[in-house]
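Sharing a structure, written as C-alpha cells. Questions coming.
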Amino acid sequence: MREQGDAFHLAIPAYNLEEAEDFYVRQLGCKLARRYADRITLDFFGDQLVCHLTEEPAAPRPDVALYPRHFGVTFREAADFDAVHHLCVQRKIEVFRERATRFEGLVEVHQTFVLRDPSDNLIEFKHYADPRMMY
Amino acid sequence: MREQGDAFHLAIPAYNLEEAEDFYVRQLGCKLARRYADRITLDFFGDQLVCHLTEEPAAPRPDVALYPRHFGVTFREAADFDAVHHLCVQRKIEVFRERATRFEGLVEVHQTFVLRDPSDNLIEFKHYADPRMMY
Amino acid sequence: MREQGDAFHLAIPAYNLEEAEDFYVRQLGCKLARRYADRITLDFFGDQLVCHLTEEPAAPRPDVALYPRHFGVTFREAADFDAVHHLCVQRKIEVFRERATRFEGLVEVHQTFVLRDPSDNLIEFKHYADPRMMY
Amino acid sequence: MREQGDAFHLAIPAYNLEEAEDFYVRQLGCKLARRYADRITLDFFGDQLVCHLTEEPAAPRPDVALYPRHFGVTFREAADFDAVHHLCVQRKIEVFRERATRFEGLVEVHQTFVLRDPSDNLIEFKHYADPRMMY
Amino acid sequence: MREQGDAFHLAIPAYNLEEAEDFYVRQLGCKLARRYADRITLDFFGDQLVCHLTEEPAAPRPDVALYPRHFGVTFREAADFDAVHHLCVQRKIEVFRERATRFEGLVEVHQTFVLRDPSDNLIEFKHYADPRMMY
Amino acid sequence: MREQGDAFHLAIPAYNLEEAEDFYVRQLGCKLARRYADRITLDFFGDQLVCHLTEEPAAPRPDVALYPRHFGVTFREAADFDAVHHLCVQRKIEVFRERATRFEGLVEVHQTFVLRDPSDNLIEFKHYADPRMMY
Amino acid sequence: MREQGDAFHLAIPAYNLEEAEDFYVRQLGCKLARRYADRITLDFFGDQLVCHLTEEPAAPRPDVALYPRHFGVTFREAADFDAVHHLCVQRKIEVFRERATRFEGLVEVHQTFVLRDPSDNLIEFKHYADPRMMY
Amino acid sequence: MREQGDAFHLAIPAYNLEEAEDFYVRQLGCKLARRYADRITLDFFGDQLVCHLTEEPAAPRPDVALYPRHFGVTFREAADFDAVHHLCVQRKIEVFRERATRFEGLVEVHQTFVLRDPSDNLIEFKHYADPRMMY
C-alpha cells in the first residue's frame, strides 16, 4: 500500500536542461519545482522527476527501444488517460509509438502510447480496463 | 496533484528474473504482481516496477554511477524511511551508498541511502526535513 | 501538494460589512465564521475569506478590471461549476462577465464567469476540461 | 466543505515576471506551472497563483499595509508552519512583519509572519492553536 | 470542516427498547453497537444514536410535528437517498410524510421524506440538488 | 460506514434566533450557513444544525435533564475535545455539567462536559479512550 | 469504522503451495507478498491471505459446502464486481457456483458468484444494490 | 490496492447464535448488522463477519489449533492494537494465546494475541513494527 504523501522519484539524463524544461513543463504540462546548474526537478504527475545534465552521446545516436527502460503513468481513470493523449494531439507533441490497444482479449488489455523526450527517454502512458492489472 | 489511484510505472533491465524476484520480493519486501517468461511486474511501494529480462553486458561490467539514472521512494514520514533502512540492516542487504545526510544547512536537507539491485540498477530512499522539497 | 486541512486565506476590502455579509452569505451561500466590528470572516468554498472594513473611494469609483487582481475557485468537477452558476442565475446575482468558454481549441480551454461583490472585488469561477491545467 | 480537488485561484500584479518567478519558485519553493509572455501561473501550496505583468507604479511607491489586502496559507499543523518559517530564515527571505503570536489569551490565538513579494504583495502564513478558528 | 473520525451523537427517548431495536436495526438497517438495561446505542448512518428508555406519555399521545424537533441524514449523493427510500418502500416502513420535492425553483430545492419511530421521534432524509445547501 | 460528504442534520427549538446565533456562532465558533425569518441553519462541527423559532414555554421553565434528549460531538482525538473545552473556558461559556470522566475502569470510559444553549437544549462533548466505544 | 491502513487477515489451509500461488497470483491476479517453506502470504484485494501448507485429507475428499465457511470480497462498486467476474471468464477459472442474483425483491438483493481454490476453500464475490447491506 | 468502501467478508460456523452475538457484540464491541433465524451478520472492525448456525460437533470437541485456519485484524497503529488488548483485559475475555512478540530480531517482528470464540473459531490480533510486513 502506497503511503499517502510518499513520492516515487526518478532521475534521468538530459542533454540540455532548457530543452528538458521546455518538453516537460511547456509541452507536457508538468510543474517545475527547482532549477539548478546541473539539473531540474519536476512534479511529474505527482511524482518527482529529476533531469540531470549529461553529455550527449556522439552521433550517430544509439537506437532507442521501449525495453527494457522506460517510465510513465498508469491512470486509474480512462478520462485522465484521454486528457493526456488529447494534450499531446493538441500541442502536436511527437509520439514515439502511436496510441494502441495491447493484449486485446486478455485480462491485461490496456491502452497505451509512448513519447520520446529530447534526451531519448521514453515515456509511456497506460490505462488498464481492469485496474487490478495496473501492477 | 497526483490523482488518487494512479500509479507511476518504471521498466528496468534485469539480467536474471530469479535474482530480481529474490531481491525485490524476498529481500526488499515488495509484492510480486505477475510473472512472465520475459519479465516480472512488482508492486514497488505502491507503484509498478517491471523487470525486463535483458542480456547481461559482457565482463567487465561498466561502472555504476548514481547520476544520471536511478529511482526510488521519497517518504513523507521519517518513520517510514527508518523502517526501510532498518529492513536493509536486518536483512543484510548490501548498500551501494551508506545512509547519510545531504545538503546540511540548506532547506533541501534530506537523509538518503542507495541500494544496487542484482542488475546494477540503483535505488535511492530519501526523506526530506521539509516535505515541500520532495519535488 | 496541498496538505489535507490547510486553508488558503485572502483578505479583501469591504466598504460595508452588512453588504458584504449579504452578498457572500445570503447570495453566494458561503458560511459566516466570525463577525467583528472591523471585519467578517467567511468559509468561502472551504477557504478563508476576510472582508476588512475600508473607506470607500470617493466617487466616481475607479474602473474595475479583471487583471491583475481577482480571486475565485477552480472546480475539479463540471457539475460543481454548474451548480454555482445555477445559483447565480436563480438568485439573480449580477454577473460582471457572462459565462463563456476561453481558449477554445487549446489545452487550456475552460469555462468561466465573473462576479463583482459590493466592494468591487471580482470573483471568477472556472472549470478546466483538463484538470492538469488548473494550475 | 472544500471539495477534494478544487483549487482556490488568485491573480495578483507583478512588476517583473522574472523577479516573481525567482521569489515564488526559487525562494519560496512553489512550483512553476506555466509561463506566458504576460503572466506566470504557480502551484502555490496547492492552490493556483497567477502573477500578471503590470506596470510598476511611479516612484515613490505607495505605502504597503497588511489591511485590507493580503493572502496566504493557514496551516493545520504547526510543523508545516514551522517548516515554511524555517525556509525563510535559511534562505534569508526578508520578512515584512516578524513571526509573532497574536490574540494571546483569546481563542483566536495564532502564530503569524508576513512576507512581501517583489511587487509589494503581502503574504501571511498562520497557524491557529484551535483549528476551528482557521475560518 | 468535520474532522475525519468524529461522530455526531444524539440521545432520544424510547418507550420500549425492543421496539426501538426492531425499528432501527431490523427495519432501517442501522447497526446495533451496544445494549444496556436502560438504553441501546446505534451506529446510525455513521453517527451515534442513543435510545434512552423513557416512560411513555399517558394517552392520548400528543400531536407530533416536524418542527421544531427532528433529525436525520442529508445525503451527498442522490443514489444514497434513493437507496434509503427504496428500503422503506420494500420493507413497508410507514412514512410520516411522503417523499416530496421542497422549494422547487429555489437554490434550496431538495427531496425529502420523513419517518416516525415507535417512540414518536421524526427522522427526515434529504438530498439537495446543490450540495452547498446541505448546511 | 459514514459516506464521505453526508451530513447529519438536527432541528431544535430556539426561543430567540438572535440569541441562538450569538451562542452558536459567536460563542461556540460554529458557522452560520443561512438565516431565515423563522430559523437559522448552522455548520455545527461539520453537521447541520437548524434552530427553529419556537414560542418560549411560560415561566417557570420546566426542569432540564440530560436524558433522554441531548446532542453533541464525540471527538476521535483528545486534542479536539480539549480545544473545545478550552474555548468554553476562555470565552466563559457557562457549563451545565462540568468536565468529568465517566465509567472509569470500564472500556466505555470517556471524558465529557455539557453545555446548555439559550433555549435549554443540552449539548454534550465527549472523548472515548477507546474509539470503538464511540458508537 | 475501519481504520485507514488496517488489514483483515485470514489464514487458510493449502494442500500444495505451488498450486495455491498459481491460483491466487497467476489466475486471480492477487499479489504475492512473501513465500516461506510452510506458507505463502498474499495481498488479496488489499487484505492479507495466508495459505498454510496442510496435509490433504485422504480420498475421497469431503463434500464442499458454502456454509458455514467461506470468505471473499464485497465490492462497493458494481464495476469492480464485474471486472473480477470478467477476469474469471477470460481466464477460464472454474466457478463453484455461477453468477446469480440472490434475494431478488428484498433490500438484501445482491449479485454473487463463488470460486473454489485448489485446496477446497470457497471464495465468494458479492455486490449489493444497497451498500448499507454489505454488513 | 484496496478500493475505498469494499469489505472483506468471512462466513464462520456458530453453534449458538445467542452466544455468538454475546461474544462479538457485547464482549468484543463489534456491531450487529442483521439477525436472521440461521445467522447473524456483524460489522467486525469494518469488515463483514457472518456467523452461520451450525450443529455443534459431538463431544469430545476436536483440538483447536491456530494453523491452518484463523482470522483477525492487523492494525496499522500500535495504539489500536493496545486498545483491543486492553478491552480484552478489562472485560476479562479469555485468551487462547497470550500477548507475545513473535519473530524478534527479524523484519517480520510483530505483537499478537489470540482469542477463541464460543464456537472454537480463533481470532488473532496483530501489529507489525514495519507496516510493509502486514501482507
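As written, the chains take the letters A, B, C, D, E, F, G and H, and residue 1 is the first residue of each chain.
Please note the rule applied: a residue touches a chain if its C-beta (ideal position, glycine included) is under 8 Å from a C-beta of that chain, and two chains touch if they have at least 3 such contacts.
Since the structure is predicted, the reported quantities are computational estimates derived from the model, not experimental observations.
Asker: From chain B, how many touching-chain steps at minimum until you land on chain H?
Answerer: 1
Asker: Matching over half of the contact pairs by residue number, can you pick out the copy of the B-H interface from B-G, A-D or D-F?
Answerer: The same interface as B-H is formed by D-F.
Asker: Copies chain A and chain D touch; is their interface built from the same residue numbers (over half shared) or different ones?
Answerer: Shared-number fraction above one half, so same.
Asker: If you average the CA atoms of chain A and of chain C, how many Å lie between those two points?
Answerer: 36
Asker: Between chain A and chain E, what's the gap in Å when you average each chain's C-alpha atoms?
Answerer: So the centroids are 51 Å from each other.
Asker: In whole angstrom, what separates the CA-based centres of chain E and chain H?
Answerer: 32
Asker: Could you tell me which residues belong to chain D and also touch two or more other chains?
Answerer: 1-2, 5, 29, 31, 33-34, 43, 46, 80, 131, 135
Asker: Under the definition above, what is the set of chain G residues touching chain H in their complex?
Answerer: 1-14, 31, 33-34, 41-43, 45-48, 51-54, 66-77, 80, 124, 126, 131, 134-135
Asker: List the residues on chain E that touch chain H in their complex, please.
Answerer: Touching chain H: residues 25-26, 29, 31-35, 43 of chain E.
Asker: Given the complex with chain E, which residues does chain G contribute to the contact?
Answerer: 1, 105-107, 129-133, 135
Asker: For a test of understanding, state which residues of chain E touch chain G in their complex under the given definition.
Answerer: Answer in residue numbers: 5, 29, 31, 46, 80, 83-84, 86-87, 90-91.
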